[in-house]
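Heads up, the next two complexes both have chain A, just with different partners, chain B and then chain C.
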Partner chain A sequence: MAWTRKVLRINLTNGSIAEEPLNMDWAMQYLGQRGLGTKYLSEEIDPKCDALGPDNKMIMITGPLTGTMASTGGRYSVVTKSPLTGTIACSNSGGFIGNEIKCAGWDMIIFEGKSPKPVYLYLENDKAQLLPADEMWGKSVWETDEIIHKKHQDPLIRVACVGRSAEEGCLYAAIVNDLHRAAGRSGVGTVMASKNLKAVAVRGTLGVGNIKDPMGFLKATNEGKQVLKDNAVTGEGLPQLGTQVLMNVINEVGAMPTKNMQDVQFEGSSKISGEAMHEPRESDGKANLTTNAGCFACTIACGRISTIDQGHFTVENKPEYWGNSGGLEYEAAWALGSDTMVDDLDALTYANFLCNEDGMDPISFGSTVAAAMELFEMGVITKEQTDGMELKFGSAEALAWCAEVTAKGEGFGKDLGLGSKRLCEKYGHPDLSMTVKGQEFPAYDPRGIQGMGLTYATSNRGACHLRGYTVSSEILGIPEKTDPLSTEGKPELVKAFQDATAAVDSAGICVFTTFAWTLEDIAPQIDAACEGEWTSESLMEMGERIWNMERDFNIAAGITGDMDTLPKRLLKDAAKTGPAKGKVNNLDEMLPKYYEVRGWTQDGVPTDETRARLGL
Partner chain B sequence: MEITFKLYATLSRYLPPEAKKHAVKITISAEDTAFSLLDKFNVPRESAHLVLLNGIYLDPDERNKPAFKEGDTLAIWPPVAGG
Partner chain C sequence: MLRSLQIEPEKCTGCLQCEMACSYQAEGVFNPAKSRIKVFAFHEEGRFVPYTCTQCTEAWCMHACPVEAIVINEATGAKEVIDDICVGCKVCTIACPFGTVNYSQDSGVVYKCDLCGGDPECAKACPTDCITYVDADHTGLNRMKAHAAKNLPE
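Right after this comes the complex of A and B.
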């Protein structure tokens, strides 16, 4: 269905639950998910509020294509203020719960305040109840999911919840749905736990409706699916090898962040790659990869479902980890592997399972472990802090131990739960934190992919690849190849990717469709589903509006242009190997021009003209 | 001269059995090109989307010209993406 036009508002402080109509003026300007959620949040909270205080709100929001037959139309987002960065946070997840919220008849759920006791929301169509969560507080995601299903005796309930890491204050805790899909970045799970909200359990049976032009929608979505099927990336590469196909590519081009970003190539990359996940293990003759998997309505199915060798040291005598779980995806494999220099595929899989089990962002977690390893090798962190564990680069034992203590918030796990920025500050070496605005980098070294440096520096939620994936053009040649080592044309390229991505993130579909689809493929699907006129041009303008609105939120929160920068290591220390050898990221060549093409002042503030043009 | 020839993702199946970690050392002539090597291993030219010579993208119009020197690495992928 397109919009249900219904908003569920839940005040956790006093337990009130209310239905209200969707603001359709805003929906026409911001569509859904990221755009519309950010509009509501911007209007309702003070951007300076404490992210973990009762004045912050948390919005779970679908897009108009969520729950429809549009390929990948199962996405939802969590929009809130981030405790990790202090910026706007918007984390997007697949799986099945987005569809379930929509089929229960809701465009979004707004949580405000803080519950005096642990609770969970049980939502069955119009019936919404806050129920006690005492028996699941202190439990993992996997245990919580099981408790809810047993309690309600309904296997079709979809659950999104937080694990122990969030309860213990880990600042990059995720909200995990369907056991292993996650609204992963920026600590949205930490916000949820701070409200004493353990889980959202949803059962929707109202089905699909309210499509503006059903026949036109059928035609547009079928044509879209054909494009995905016929495309070599979405039709063959992603289902077969998943995002992990990138491991060898990015290493070969010399943009693989390694050893807390001291190096740009990792010798062990082939051992932890998508190809390696298919190969029989020496130990038990079985492959790490069990199968691929798709989220709701997805016709790509890039997801990885894997198992660990039962004799591997991480799971010996732990049968609870002998089954399947989600991962490894490329970003997790990089952070848990290359950045920590661990090339033991099953150890990475174990750490990733723990991130699923207790709701941690594996990118931020892995990157924080890498920073801790560098501090350990410098002698700043010692065995005194680590309970005797040798926190050395390349140690699979250390990685597994770090995952265990962080998941439960025990001992040194509390330090790791701070994230890289606060950890490095605590131990007196802030320059060693590989973060922007407090959020850890994803898997692309900006010395080898210049445009990504600008993307990271200007991302509205701190370092992130999902706010503008110029890797697609600079490395993969989609939609057209640009030179990764050149800064020329990158400000314009970054802006185009940022705006288009903001539009896709607001529709209810997956950004991976854009490896095959352009906005010309997406606009007819939205236009047939939603009232109003939606074209690729209007979507690009909306994306730009969203980007500027997010920027305004951050500026009001005190996150200003002087924070549009990168760690010194990436600006001063040249890459040592590969095609980028001798290069740093030349951010200074790109940033002023970027501000100009954005219509911002030289301090990075949207001008009045820009705001007026975009209707802000 | 000897170079390292790598095929990844769905192109891996075209590698000879002696290949390890998706790579094989091969002896080539000075006249060889990226296309001639693809032909030698029966890799359809249209499948080779990402062609990297020592990690640097080789433009399609360069793939029919001799470009190798001793010790080079040629790595090839079909269209791939992720993130």
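Right after this comes the complex of A and C.
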């Protein structure tokens, strides 16, 4: 129950569309979204396949709580093989399309093959059609959204689509839904575009029912909402300041990656913080932030809705950027700002708008720009490549220009679209790429937060904060405080966060709930909605099963244990300022122990006993 | 005491909990497509506005109905549709100046907000108190108070 038990399978090569029943044995083992999607993908593709070839598949999948009144119950995931990392890719998005897919009667949509011509999927409950997308190919996300709404004469359609960056092969292209929410990381949008699939447009009017115990479900979800409301982070910090609540906090603890991770603190951080987004501008007296916004069913509402000063150089005479749109979240503000040393809030907002408009992961984009800036200042990249642009750290003009050319895949934008790893390799300095397994770092320097180093090194999709957010414990003290500068106990902590997060990511709810919720709060909601018995223990075990399944996928794809590492800069060059001054990340103190607590060999491979214990 | 739904749009985050609560109460499924209250997102302006029936005293829908299928619930003041009498002619949907009476293809009759019999689910589900159910004689109370507060000494 809570599942619709229906899978929509679409073969883009021959245009066939088929309905099949959800594999309930797998649903009981992997729940939904990340877990269940990865199970399907693992069973159906060769992990060695070319991520951008027709043999890769792309799965859009909801969770059992998607489309229900559970707080934040609107999530969906895109599961595929990543062209950026060669690992499993699973990117999670909020907004409203997850609910719409579920309301149309589907748990998941599997896309296979490659369409001979650009198409989009139009899905209205049981009616699924592949329609020509010629008029929207070459158009941005925002234009595509408008074209679809006009064409179908239906303002209630929800759209997920790719922009020009994906079409041009940018390796960190996102799938953007509802104009400014995104399945952002690992290049899932690049995969979608490689299949000549421009958009998925959905209208669902069937609703979500099949709740096992309706009264129990409403009770459990109401209790959950109260916990979120009473919590300082989810009840106050996130609604008021968004994830940007972290900007000043992380800078103070000396874990703010700056200047392509050469430094751990950024002088300009307060100018680009959540607090700064509330400050009235000198020019028009308005704040950058108009309001906060919630995704579907979200009672936290951390989303930022912002405007850019109409007189700012980035939007002068460009009224199309004068309205409100999705504003800066912490990761974007960090990557576009601190890592490039740009402290101009409007320039960051502009770059963020462009990331939404043409579907780019702002983390990977910002980090790649930072790497390019370092290479420029070294004289390796010159004005010859950059069309005369001075690609210097701190240059808002350079950042805006980079966003424009990468969004359209023009000139040097093609190089930036390669991502940091391939860019640095191309220009002969692979060590300057701040990536793990080819994916760029998020906004927590592992010299100042030791556990995050282990999280990044072992993440199944390359460097990522959403695969185990030990920042919660190491900085915020959730559920209990650990010392961010110590490696002690971190292998166990990282494993616990990784497993719990894999479970949350499979349920249909947002991981931000876990600032307040533990699995003890989540299990009763799943248990009341779904058949079977769901406890915090069974969810934790499921999370571990998912983690190991992902690991097995990666091993089969040729990703080996020696890639569980960090760039030399983080292992050799000590932090220069702040509480972590003099520290590097001591990954070597944590990794062997981590393999041990995981039940893996010292080469990072799950043992037969571990696989058997988890039913793999 | 009669009560009214009071909507203060500036508090809305667009989460649609109200739409789910409404559809669940009325239809038994979580289904915004069947909600009697709708939240409109004005993207360019960065605003969200919930909208539903205001339960007019001289209700256009009620007066327009040729078969008297819309009646007043004296206890709540709500104008309620009697499904068994409604013939689905849709005249009320044309008569209503606000668009809050709508036709359902599934049931063949019209549907509108009935205040859940005096305990509206949307107001209970709203996480920001954007939707409240207050004394019908004092729907302006919060706004009055907000303006009154401006007169407080510094």
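Please note the rule applied: the second predicted complex is superposed on the first by the 615 of 616 C-alpha atoms of A that agree within 3 Å, B and C clash if a C-alpha of one lies under 4 Å from a C-alpha of the other, contacts with A are read in each partner's own complex, and residues count from 1 in each chain.
The working rule: contacts are C-beta pairs under 8 Å (C-beta built on N, C-alpha and C of every residue); 3 or more make two chains touch, one makes a residue touch a chain.
Note that the structure is a prediction, hence the values are computed from the model and not measured.
Engineer: Can A:T68 be said to touch chain B (first), chain C (second), both, or neither?
Structural biologist: Only chain C is touched by A:T68; chain B is not.
Engineer: Once chain A of both complexes is superposed, is A:I17 in touch with chain B (first), chain C (second), both, or neither?
Structural biologist: A:I17 contacts neither chain B nor chain C.
Engineer: Counting only touches as set out at the top, which of chain B and chain C does A:L466 meet: first, second, both, neither?
Structural biologist: So A:L466 only meets chain B here.
Engineer: Would you sort A:V227 into first (chain B), second (chain C), both or neither based on which partner it touches?
Structural biologist: In the superposition, A:V227 touches no partner, neither chain B nor chain C.
Engineer: Scan A:G254 for contacts with chain B and chain C and give back first, second, both or neither.
Structural biologist: In the superposed model, A:G254 contacts chain B only, not chain C.
Engineer: Does chain B (first) or chain C (second) touch A:L476, or do both, or does neither?
Structural biologist: first
Engineer: Touching residues of chain A toward chain B in the complex: what are they?
Structural biologist: Going through chain A, the ones touching chain B are 231-233, 236-238, 240-246, 248-249, 252-254, 270, 274-275, 302, 329-331, 465-466, 469, 471-472, 475-478, 481, 483-484, 511-512, 515, 578-579.
Engineer: List the residues on chain A that touch chain C in their complex, please.
Structural biologist: 67-69, 71, 96, 99, 103, 156, 179, 204-209, 225, 229, 239, 290-299, 301, 303, 305-307, 323-325
Engineer: Can you list the chain C residues touching chain A in their complex?
Structural biologist: Spelled out, the residues of chain C in touch with chain A are 10, 13-17, 20-21, 23-24, 27-34, 43-48, 125, 127-128.
Engineer: Show me the residue ranges of chain B that touch chain A in the complex, using the header's touch definition.
Structural biologist: 6, 8-10, 12, 21-22, 49-50, 52, 54-57, 59, 73, 75, 77-83
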